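In the two assemblies presented below, chain A is common to both, partnered first by chain B and then by chain C.
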Partner chain A sequence: MSIFENWSWALDGWIVAAGVLCAVASALLGNFLVLRRMSMLGDAISHAVLPGLAASFFLTESRNSWPMFVGAVLAGVLTAFFTEWIRGAGKVDEGASMGVVFTSLFALGLIMIVRAADHVDLDPGCVLYGAIEMTPLDLVDIRGFLIPRAVVTLSVVTVINLLFVGLFWKELKISSFDSGLATTVGFSSRLIHYLLMILVAVTAVASFESVGNILVVAMLVVPASAAYMLTDRLLPMIFVSVVLAAISAVTGHLSAIIVPSWFGFESTTTAGMMAVSAGGILFLSIVFSPKSGVLIRFVRQRLLAWQILEEDVVAFLYRIEERKLPIGHDFETLRRELLADFVSMKVVLNRLVSRSQLVVDQGEYKLTDEGRLRAESLVRSHRLWEEYLVSHVGIDADRLHQKAERLEHFTDKDLRERLNHETNAPENDPHGRPIPAERDSPKSDQASTS
Partner chain B sequence: MKEEIPLAVSDLTVAYHRKPVIWDVGFELPAGSLIGVVGPNGAGKSTLLKAVMDLTPRASGKVLVYGKTYRENRRRVGYVPQRESVDWDFPVDALDVVTMGLYGEIGWCLPVRRKHRQAAMDALDRVGIADFAKRQISQLSGGQQQRVFLARALVQDADLYLMDEPFAAVDAATERAIIDILGEMKESGKTAVVIHHDLQTVPEYFDYVVLLNMRVVAHGPVEDVFTNDNLQKTYGGRLTLLEEVSEAMRRRERSL
Partner chain C sequence: MIRFRQIALIFMATTWMAGCVSLDASDEVPSTGNSLANQSISWPTWEQVRRVVLLQDYNTRVVVFGTTLLGCAAGIVGSFTLLRRRALMGDALSHATLPGICIAFLLATKMGYDGKSLSVLLLGATVSGILGMLTILWIRKTTQLKDDAALGAVLSVFFGAGVALLGIVQQVSGGHSAGLEAFIYGKTASMNVADAKTITMAAFGSIGLCLVFFKELKLLCFDEKFAGSRGFPVMFLDILLMMTVVVVTIVGLQAVGLVLMIALLVIPAAAARFWSDEMSNMAWISAGLGMVSGMLGAEFSAVFSRLPSGAMIVLICTAFFAISLIFGSKHGLLIRGLRRVRLNRRIDREHLLRAVYEKLESGQGEVGKGVSFNELMKKRSWSERRLRGSIRREQNAGLVSFEDQYVTLKAPGIAEASRLTRQHRLWELYLITHAEIAPSRVDREADMIEHVLDPDMIAELELLLDRAGQDVPASPHELTDSSVKAGVED
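Then we have the complex of A and B:
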């Protein structure tokens, strides 16, 4: 492995640590931004801290961290405030007012920094995409240990965010879910909103010069969105988002070293790659999410389609039997009559045979007793529905069959009983065909698909 | 307990961009009764409830809850908002939502304890959906969601309940459950103000009614006030002149 030849815990270890801390600190707050549908505000704030940084620099004429920190946080909170204010006073929607505020502030910040750059080492490029690779070079002495300054700052911020989420758990939960209720039980939604905004600004500023803007913006939104797709409870969501954030930071740094070498380049920007990995994780969550993922939805639809086709097959065979129609029972006929594709029909017939609802004899499929039982309850559902649709709903006769054909697949024994009761237990359907009697299945009722 | 007036409103006006939503609303409601608030769409019924609870800024007017301002007596008021007012995909279960009714009592930063969860569970049981306590709330039917909101208000153990269309689009079982709860509330001397849409059931469900269409058309015991004549006035047309004068106010302001 070529990667570990150049790996140095003293360098790469600290870079990954800074990335993970920034990602975790941002993801913690990001959950609430996502749930409050204000993900963009995180983006806006982390851009708009720039003029705050620059203004504090002009005022104090030094690169002392504290005034710059306070100035930047103030600018961030002002963004949240202006956004609210312009939305109210300017009759524009939140997205537009946010766009106005943060682009103006960001541009103002850039102008100020470029002016300042004539005199000092405030580098706009560094501010934009950070210099996480430089993390191990700027060390501070903490009780005899030399630790990168960025790691110290980001650790403090992570602890603050953890404490915030832990202490104000109830308050964040209630005001994110129902801000009206929060206010009526005595937790001012506005206060919690601005507390959250202050911490977003603090996190953005702390991350700014070390890991850059891109990573904060990504980590505020992406891990939380991915976690939201993977779970439907708040505590697991936060936990998952933190884990995903950490994973993206680690894989981000690794791929920043590995991936470019595939194309013959030197390593690329770590912060950028961390954000890209987060995007990759989000993509995977969209595909594999167990509750709403693309994959699971596809599988569920397929299974349902096959189940319906199974039922269509047995009901079809039952009807041929009942009317003694001279129609073949072979694979091709079934496929043509039921408009099924080759693979589906193959799967369905095999399943029916393996459950001994059908037997196959020289290419001809025949119902077994068990299959007939299942078909009977389907046909019974179908005909009861037809009767009900005629007598209670007044559906036209020509559309009757089509409607009942759909409903029969979702009708269990209980619903059949009620249909039977409502239609006064008819013996024949509206077309005059006999409605099969309810027979108790030795196994569970197969017609139910709920 | 001395007979107090649960809710007294006088000269209440709420405007949105100078356009009044409710105008010069005033009434005093009797304690221990079930009060229906009835009026056409856009009559300002929800706005009235929100203005009472300081959730909407008011242009003028005074609201007294048991003789004090809403702020001072906040604990004595329980609110059941419209079901559409929240995001039901929010990652919490039914028990969590009901427990939120107790957050005010628990106080800042303190954790939810077992007795609170038990109280929430009891409230869910009272509205008949204790079995669904651990379900994520989007997996509940509309009626069950409404009952979760009702349970959340119950757990607050308030004296005055403000309910925004609890009967809207619910199944028969939920409707029955809400009626039963309202009956129990009345028996224990509580007062419920309920926004209601179905005129037919008003005499059956409520004993006092407020007819609202921007201003109070009439209020009083159902048998006196819920008359065809008053309903005509409530539903028979909006206060067009009042709307015109507010339109004129806006035009004038713009032309300055």
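Then we have the complex of A and C:
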């Protein structure tokens, strides 16, 4: 593997460490942003810090870190504050008020910077890209160990965020889900809101100097969204999001080195690839989530559709038998009459035969006793429902069949008995057809209710 | 080999940083010295201003024309996205164009075409913008994630992919990717005729689409489910709207830049919301604001050469927003404050008249003089200042007279007071007979609702309680002061 030949702990190790710390710090707060529907705040703040940077540069006339940091955080908090104010006082939609505030602040910052440095080539993108690759160059000496400054800063931010989430766990939880309840319980959900905003601003500002803005914006939203797909509980959601964030930081750096080499290029921007791999993880969790993933929902739907088709097949064969209709029992007829596609019909018939509810005889499908039992309980459900709908709900005769056709699949033995009781145990349904008697067979019961 | 890769990477990043805004570069830049002292804008001569305002320069004419049209189109499209609660859709889409631009550049270069030709890059931007939009719609449709999370995720992931691809573009073009950045961050001042033509086409196209489908889009914005139930193709309309956003965003991106484009889509529409509740008016106002901001911003930056036009346009939009927020005729802060003051004064008048009426009715006034001010003070928990203000206003309106600390009702005041007392008591009776609330508690309930009872409601109450005519029913409970029991039976 060429990747490990080129791997250098002094460089790649620190880059990954900075990436993971940034990802974890952002993901911790991101959960609450996603739950509070403020996912776009990270993006807004990262644009809006520009005037803060410019203003502190004007005031101190140096690019000393601390004043710049404070200025940027103040601008970030102002963004959150103005957004909230315009939303509240002006009754403007949250997204729109955010859009108004951050674009205005960004424009203001641009003009300040242009006026400050006339001849410097202006590229607002600078704050967006960052340079995580530069991390290992800027080292500080801590008790004899040379550690990149970014790693130190981000560790501090991560610890602060962890403490915040830990100490204000109950408050954060209640105010995120029900701010009204928070007020009645007796703490200010507004205070929690602004604390969260301040920390988002601090995290964003601390991150983009070292690792780039795009990474923070992505890590605030994407891992939390992926975790939201995977679990319904808050604590597991935070754990999952933190783990996913760390994974995407590591895979991001690896793929920044590996993926371009497939196309014959040198390695590319790490921060961008970290965002992309977080996106990949989100995509995977949307598709494969065991709880509500696209795939599992598709499979569930398919299984249900097949079960319903199975029931339709046996009931159809039963009705043909009952009325002695001159209709064929072959595959094509069944498919045409029940409006099923080829594959589903094939699957369903094979399943019925393998459960010995049907037998095949020269291409003709016939009900076995077992199949007849299942069909009887279905037809019984159907006709009891028709009787019930006529006598108790008063539905028109021409709409009866449709309703009963839907309900029959979701009717178990208990419900049938109640229907039977409600309709005074009728012999015939409203169309005059006999209602089959309830025959006890544990197997058929299970088949029709599952 | 290892070292080479790392060093190359670091070098790349360094040049990148140096090319940026660069607060970082300011150490070396000689202009550091004049950062604070030399802030003055060089004022233009009158001749320059005249040339710009009268659009005498060809270049100014092109730029002003382009930004004006763009502002108009963005204003109309933005008012739909605002009402659809997707104001930041433009934000997400403009970020999502980056990977498409890079891939288009790479592919075109690979196949031997000019990678920086506008049509190639526009095509790439459109394709990836549409892809981003479809991803947002897909996430919204298939998952329980909310709109904002979908927008944020698509924005950051697509932009991250774009940043990663830019790293590769730099290797291919040997650091000459500056053209791409201009594409992303705009070059308003150097907008040329071809750009203006593209903008014109896109602007007229999207304005036309919005006008043709106005009714359908309106319904989509206000009640998506209703639109679906009436047989409108909701998904198609949604995609149509998003397509116009994509088109406007992309032509705007390359002309005026990323952040400005978001601002043009959001701010005029949000400002127009303060002026009208009517969808069509709002769209026109929003288009007008966008046009004027585009025009003024471009002219300002033409006059003051040191002000970037993109930022100027945004700030002028913001100024319009601030003006609308305060002075807007429908939802502005002033008009809402004024409405609140008016409502409070009306409530005060109604309280005063009823209080005097009830005092006189229960015989607590002095014959010929009326009710003393101190008696009135006891009637409700109101501040002295507020009561005096209210009495003064009604005195001027000719409803009450106030002499020697005694308040009494004049003829029009009596009519109004008996009407108010009557509707207060009708509501009390209604609560007692129909809502089974204890007589001792109805006063408070009626007190809260009496100010918003309209004639229809009163007519209904009269019918229900069988009390036609104008007579004031007797109070169903003891008339008490807020603090002291009056002890007078009615």
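Note that in this section the second predicted complex is superposed on the first by the 426 of 450 C-alpha atoms of A that agree within 3 Å, B and C clash if a C-alpha of one lies under 4 Å from a C-alpha of the other, contacts with A are read in each partner's own complex, and residues count from 1 in each chain.
FYI, a residue touches a chain if its C-beta (ideal position, glycine included) is under 8 Å from a C-beta of that chain, and two chains touch if they have at least 3 such contacts.
Treat the numbers as computed from the prediction; the structure is a model and nothing was measured.
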Quiz item: Which term applies to chain B and chain C once both are placed on chain A by superposition, clash or fit?
Solution: clash
Quiz item: With the two structures laid over each other on chain A, which partner does A:237 touch: chain B (first), chain C (second), both, or neither?
Solution: first
Exercise. Go through the superposed model and pick first if A:67 touches only chain B, second if only chain C, both, or neither.
Key: neither
Quiz item: Can A:180 be said to touch chain B (first), chain C (second), both, or neither?
Solution: first
Quiz item: Touching A:426, do we find chain B (first), chain C (second), both, or neither?
Solution: neither
Self-check item: Which partner reaches more residues of chain A (counting touched residues only), chain B or chain C
Solution: C
Quiz item: A:271 contacts which: chain B (first), chain C (second), both, neither?
Solution: second
Practice problem: For A:13, select first, second, both or neither according to whether it touches chain B, chain C, the two together, or no partner. | Solution: neither
Quiz item: Touching A:168, do we find chain B (first), chain C (second), both, or neither?
Solution: first
Quiz item: Is A:228 touching the first partner chain B, the second partner chain C, both, or neither of them?
Solution: both
Quiz item: Which one hits chain C, of these parts of chain B: 127-135, 163-171, 181-189 or 235-243?
Solution: 235-243
Self-check item: Touching both chain B and chain C, residues of chain A
Solution: 37, 228
Exercise. Would you pull the chain A residues touching chain B in the complex into a rising list?
Key: 35, 37, 167-171, 173-174, 176-178, 180-187, 228, 231-234, 236-237
Quiz item: Considering the complex alone, what residue numbers of chain C touch chain A?
Solution: 1-2, 5-6, 8-10, 12-14, 16-17, 19-27, 29, 31-32, 35-36, 39, 41, 82, 85-88, 91, 139, 142-149, 151-153, 155-168, 171-172, 181, 184-185, 257-260, 262-263, 265-267, 269-270, 273-274, 306-308, 310-312, 314-315, 317-318, 321, 325, 331, 333
Quiz item: Which residues, counting only chain A, touch chain C once they are in their complex?
Solution: 5-6, 8, 11, 34, 37-40, 42-43, 47, 53-54, 57-58, 61, 63, 68, 86, 89-93, 95-100, 103-104, 106-108, 110-111, 113-129, 131, 133-134, 137, 212, 214-215, 217-218, 220-222, 224-225, 228-229, 256, 260, 263, 265-269, 271-276, 278-279, 282, 286, 292, 294
Exercise. Using the touch rule from the top, collect the residues of chain B that touch chain A in their complex.
Key: 50, 53-55, 74, 77, 79, 81, 85-87, 90-93, 96-97, 100-101, 103-104, 106, 108-112, 136, 138, 152, 156
